[in-house]
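Shared chain: subunit A. Partners: subunit B in the first complex, subunit C in the second.
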Partner chain A sequence: MAHQKTPYQWSARGFIAPGVILVAVLLYLPLLWTVFLSFTKYNGLGSPKWIGFDNYVEMFTDGDFVGSALNTVLWVVGTLIIPVGIGLAIALLTWNLGGGIWLRLPFLIPYALSGIGVGVVWSFILSSGGALDQALAVFGVTDPPRWLLDAPLNTVVMIIASSWQGVGVNALLFTIGLQAIPKEPLEAARIDGAGGVRLFGSILWPMLRPLTAVVVGLSIVASLKTFDIVWGMTKGGPGTASETLALTMYKETFVNSDYGLGSAIAVFLTVITLVASVLYLRQQLSPKKEV
Partner chain B sequence: MTSQRKVATAVAGLVIGAMALVGCSGGSGSSGEGEVTGTLDFYTDKAAWKPDFEALNASSGKDVDITLKTTGYSDANQYDAFIKQSFRTTKSPGLFTWHTGDSLKQLVDEGLVAETTDIWSKAVDEGWVSEDLRDSYTYDGKQYCVPMNIAYWVMFYNKALFDENGIEVPTTWDELNAAAAKLKSAGVTPYYQTSTLFTFQWFQHLVASSDPALYAGLTTGEVKYTDPRIVDIMNIWLDEQKDGWFSDPGSTTDPAVALKQGDFAMIDFGTFFAGNLSGAGMTEDDYGMFVIPAVNSDLETTPVAVESGPMCTAESSKQRDLGLAYSEWWMSPEAQTAWNEAHGDVAFNPKATVSNPALAELGEQVAGEGYSLYDRFFEAMPTEIVTTAIEQFGAFNANPGDPVPFLEKIQATADKYWAGQG
Partner chain C sequence: MSKIIRTVVLVILGIIWLLPAYLLVVNAMKDPTTFTSKESWIPTDFHLFENFADAFALSGLGDSVLSTLLYAVLSPAIAVVVGAAAGFAIVALRLKRGFLWFVVIFGGTVFPLQMVLLPLFDAYSRVGLFDTRVGMVIIYTAISIPFSAFVMRNFFTGVAHNVFEAAVLDGATTWRIFTRMYLPMASSALVAIFILQATFVWNDLLLGLTLSQSDDIRPIITTLSGMQSTYGGAQMSVVLAAALLVSLPTVVLFLCTQRFFAKGLALGQY
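== the complex of A and B ==
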C-alpha cells in the first residue's frame, strides 16, 4: 500500500540529504572504486584495465605478503598485551588514589604526537649507536642487540614504541570505566572480605567488560592498520622484514604505482578488520552476556 | 509545496557541491592560457630546493619576464600521486619536476607531457647540452621535458682521514681496494652503507664498471639478476662486507655529518651531496671527490653513473605555453649559471659557469676523454624492480650472506614485470 508522503517527511529528507550525499560521495564511492580497482591493472594514469582476480592471486602467492600478514598478526597480539594490559594496570593502580590523575597524565602526553613523530623519536633511540646503545654502553654492554635490523625483534620494539604512545589513552578509558562502576557492589564485596586480586577478578573485571570490549576492539582495528610508526622507523625493512599489510598496500600503490594490487590489499585488510571487529564485538557485547 | 521543497533540496545540494569544487580549485594570480610571460605555477618534490628555484626569479624575470610560484612537496610518493591526479583536472601544472626512465615513459605513453623537441634541437645546436643526455628524454624520436639537473655518482672522501693514513686519491680499482684495506687496518671504516633507500649504488658501480653490457642487459631484462656473472659480482661485495669495509647499516646519523666526524672515510653519492656536506660545515679543504675507478681495468672508458631529473610541462595545462617558454630559457647558459649559483652541483650545460671549483673540475673531467656515462640504477630499471632491489640490497647490507636468495627475490619481481610487458 503506497502512502502519500507528508510535507514533514519531505522536509526531513531534505535535511538529511546533505549528510547522505556526503557519506555516499566521501565514503561509499571511494570504497566501491577501491573494490573496482582491485580487479584492474592501473598505474594511476589512463584507464584501469580489467584483469579479474589476478591481483588477488598475486597477493596470496607472494611470500612477502605472507610475511606482512604475520607481522600484522604480531602487531595485533602485541598491542593487545602491552598497551591494553598496561593501560588497565595503570587505571587499576591509580583510580582510587587521591591525585591519581597526576600519575596518569604523563602517560597521555605521547598521545598528542603523530605516529610518524613517535617513529622519528624512537628511531633516534633504537638505531645502531643510538641513545639506547649509548646508555647500554655505560653499563658495559658493548654488543647490544640490533634493535631495528633483526626480525622479529624490530617489530617487537616498534610495538613497544607504539605502546609508549597508546598506553595513556587506554588507561584513561579504563579509568572512566572504573569510575562508572556503582559503589554498592564494590562495598558489598569488600564487606564480604574481597580485596586485591579477588575483588578484581570477581567484581571489577566483569563490570568492566563492556568497556574492555570497546578498548580491545579499537586496539584490534588500530593494530591491523599499523603504518605510520613502521614507516617512520624502518620503512618496513631491512628488506621487507618489518612490513605490515598497510605498509605493503602503501608501497604497492604509491611507490610502485600498482594501484590494482594496492587496492586488492586494501580490500583484504578492510574485510579482515570488519570481520574481526564484528565477530569480536558481537561476542563481547551480546545482550545475553551478564554484566 | 512538495515540489518546492524538492527543488530547494536539490538547490542546496548543488550549492554544497559547487562550494566544494570552488574550494578544490583554489585561486591565484597566475598567468592563463596561451600567455608566455607572467607567473608560472611550478610544482616539485624537492621542497628543500624551493629557495633555490625562487632565487632564479630575478634572472628569469629580467630575461624572459617569467617568475615561478613554487609549491614544494617533501614526500615524493605523495607528490607523484598528486601530479598523476592533476592530469585528470583542469589544473594540470605548467611546470613540474619528475623522474626520467620508466616514470617519464608512463607519462609520454599517455600523451600527458608536452613535446620539447624544438627546445632540444636548439639547445643541442647551440652546444648547451650533450646528445647523450638527449637520449634520456627521447621517445620515438621526439623529446619530452627538459633536464632540471644532472648529478654524477662519485666517491666523496674525508681529506683528513686520507692524509692521516697517507692515502692518495685512488685512480685504479686496486688502489681503491688498497686504500680501503689500509683504512680498515687503521681502525677507520672505509665506506658508507645503509639499509634503506640508497642501497643500490655499490651494486650499480660493481656491475656497470665490471661489464657495461651486463648492466645494460639488466635494464632490458635480457640479463637475469641470478646470472652467474651477477652472482660473482655480488660475491665481491660480500667479501668486502666480511672484511668490515662498510659502516653500520642501522645508523641513522646524517651521512654528511657522519663523513665529517669520521664514522667512515668514503661515500658513493650524487654530486648534489656536496651541498649536504657544506650544510654539515665541511669545506673543500675537508672533503674531496673522485670518479670511482672501474672494477675492470680493461675497459676503454671509466663508466660514471649519471642521474638527471626532468622538468616537464603538462600537455593539457592552461600554462602550457608559459611552461615551455620557461623550459626554453632554462636550457640557456644564463639560466644554468644563475641556477648553479643558487643551487650548486654540476651543470648539464657545458657553457654554464659552475660556482664550486671542485664540481667544475669534476664536470670537465667527466665530460673529457676516458669517461662514459650510464644511467643511474634508480632511473635505468623499471620502478617495481628498483623497489625490490633497494629492499633486497638493504637486507643484504643488514645481514650479508649468500647473495643468491636476495638476487632471486629481485629476479622474481623482474620476471613478473617483464612478463607483463610482453
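== the complex of A and C ==
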C-alpha cells in the first residue's frame, strides 16, 4: 500500500461511469424533483405552483395522515416483536439439533412469496366465513371478529400475515450467527454448569448483539415502507382505516392526483427511514467489521 | 431444554406455519364452477392444471410471465456487471475519492421507492418510456446497481492488489484485466447477487403499478394484484392457482439456493 493511486484514473472513471450515471439519472434526479414538488401545488397539468410549506401543514393537520402514521408505527413495533422474536426463537430451538435444516424448512417457504401472493392467500383465509372462521366454528366460536374490516384489528392481522412470511429469513440469519460463535467459551460455560437461560444471557446474546442490530435495523426500515401486503389485502381500506404512509403517498399521488401532497408524504417517509437507517448503516459502511 | 421437547415444539410450530400454504394448494385445485368458500379445509377435486390454464388466459398472465422473465434476467445481469465495474474502479484501479463515489452509488438504495415514483412516471410519460419493456428494464437495472456495487466492492477488497500489478506487468489492459481476471474470479458473488436481485424484480409490485399498464408489459405481480381485484369473487380458485403459479419459481429458486441466498444477504449486511 505504498501509493494510494494508480496511473489509471481515466480508465477508472470509465469503469465507474455507467453505475454513477444510471443511479444519478434514475434515482437522484427524481429524488430531487420530488423534494421540489413537495413545496408546490401540481396535478400533472400546467406547471407546478410554489406554495412553500402548505403541503406539510396540510399533511400534519389531516386526520387520515395521522391515522396512516399511527398504523405505520404499529407496523414497525409489530414486525420488530413478532418476526424478529420468533426468528430468534426458531434459530435457538434448531441450534445443534439433528435435522435442524428440515425443521426450519416450513418457515422458509413463505419467504420467497411476493407480498401480493401472501395477500391473496391471507385475505382468502380471513374473509368473512373463510377458512379461519370455519376453524373457529369447530371450537364453538360462532361470531368471529371481522378480521379485515375493523381497525386496528385489520392492521394487526396483516402484521401477522407479514410475520408468517418474514420469520424464516430472520431464523436463517440468526442460525448463521449462532454457527459463527466459537465453541470454546460455550464448552467452558457448559462445564461450569450454565444451561438454558443463563447460557443464553451470558454468552449467546452478547455474541449475537451485532447481528441483532442488523436484523432489527433491516426490519425497521422494511416495515416503514410497508405497501405490498396491505395493497394485496385491504388496499388500505375500509376507507383509509388500514393505510400505511407508503400507501397514503401512492393514493394521494396516483389516485387523487395531488402531486404536491403525495411528494410531501414521500419526503416525510424518507426522513424517517433515513433516521432509522443510521442505526445499521453505521455498521455497514464502517471500514472495521466486527463480525 | 431437552432435544425431544425442542423437536416437538418445532414440529408443531412448523405445521401451523404450513397451514396457509396447505389452504392455498388445496383451494387452488378446486373447480371454480363448484367452488364454495364454505369448505376451505377439505380437498374436493383436482382441477389444478385447468385452473393454471384459465389463469394464463385471464388478464394476459401468459404475456406478463414472458415480460417478467425478461426483466428478472436482463436487469440483474446488467446490474451485476455495472456494479462489478464500479467495484473494480474503486478497489483495483484505486479511483481518486473512490469511497465518495461508492457512497454516491450506494446512497441510491437507502431511501424508499416512493421518493422516485412520481417523477419517474412523469418523465417516462414525456419521453415515451411509459408502459414499455425498455423502460421497465432500465429502472429495474438502476434499482439493482447500488446493492451490486456494494457487494462487489467488498468482494474485490479481499483480492490482493499485487494480482492486479502482476497483470499490468504482463502488459494487460484494464479492460482485459476486468473481463478476464476479476469477473471470472467473482463468479460466485455475481451469482449470489443475481439470484437476490432476480427474486426482487420478480416480486416487484410498485414499479409495475406505476410505470406500466398494458397486459403484455405489466410485471406478473402487478397482474396478479389486478386479477385479485377483478376475479377474486367469482373465480377465487383460479386466482389462488395464479398466486401459486407466480410464486413457484421464486420459492423453488430460494429453497435450492438457501445457503447462497443467506450468504448474499449477509454480504449485503456487513
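Keep this in mind: the second predicted complex is superposed on the first by the 269 of 291 C-alpha atoms of A that agree within 3 Å, B and C clash if a C-alpha of one lies under 4 Å from a C-alpha of the other, contacts with A are read in each partner's own complex, and residues count from 1 in each chain.
By definition in this document, a residue touches a chain if its C-beta (ideal position, glycine included) is under 8 Å from a C-beta of that chain, and two chains touch if they have at least 3 such contacts.
For clarity, every value in this text was computed on a predicted model and none was experimentally measured.
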Partner chain in contact with A:A266 - subunit B first, subunit C second, else both or neither: second
First, second, both or neither for A:G129, with subunit B first and subunit C second: both
Touching partner for A:F254 - first (subunit B), second (subunit C), both, neither: both
First, second, both or neither for A:P18, with subunit B first and subunit C second: both
First, second, both or neither for A:F53, with subunit B first and subunit C second: neither
Subunit B versus subunit C as contact partner of A:G44, first or second or both or neither: both
Contacts of A:T234 with subunit B and subunit C, given as first, second, both or neither: first
First, second, both or neither for A:I176, with subunit B first and subunit C second: second
Partner touching more residues of subunit A, whether subunit B or subunit C: C
Partner chain(s) touched by A:T34 [first = subunit B, second = subunit C, both, neither]: second
Touching both subunit C and subunit B, counted on subunit A across the two superposed complexes: 5, 11, 13-14, 18, 44, 123-124, 127, 129-130, 235, 250, 254
Residues of subunit B defined as touching subunit A within the complex: 1-2, 5-6, 8-9, 12-13, 16, 77-78, 80-81, 84-85, 87, 106-107, 110, 112, 195-197, 248-253, 383-384, 387, 391-392, 394-395, 397-399, 406, 409, 416, 420
Subunit C residues touching subunit A - in the complex, by the definition given at the top: 1, 3, 6-7, 9-11, 13-15, 17-18, 20-21, 23-24, 27, 37-41, 82-83, 85-86, 88-90, 93-96, 98, 101, 103-106, 108, 110-123, 138-139, 141-143, 145-146, 149-150, 161, 174-175, 178, 199, 202-203, 205-206, 209-210, 221, 224-225, 228-229, 232, 236, 239-240, 243, 246-247, 250-251, 253-255, 258, 262, 265-266, 269-270
Residues of subunit A defined as touching subunit C within the complex: 1, 4-6, 8-9, 11-16, 18-20, 22-31, 33-34, 37, 44, 90, 93-94, 97-99, 103, 105-117, 119-125, 127, 129-131, 134-135, 164, 167, 169, 172-173, 176, 196, 214, 218, 224-225, 227-228, 231-232, 235, 246, 249-250, 253-254, 259, 262-263, 265-267, 269-270, 273-274, 277, 280-281, 283-285, 289, 291
Contact set on subunit A toward subunit B in their complex: 5, 7, 10-11, 13-14, 17-18, 21, 41, 43-46, 58, 123-124, 127-130, 146-150, 234-241, 250-251, 254-258
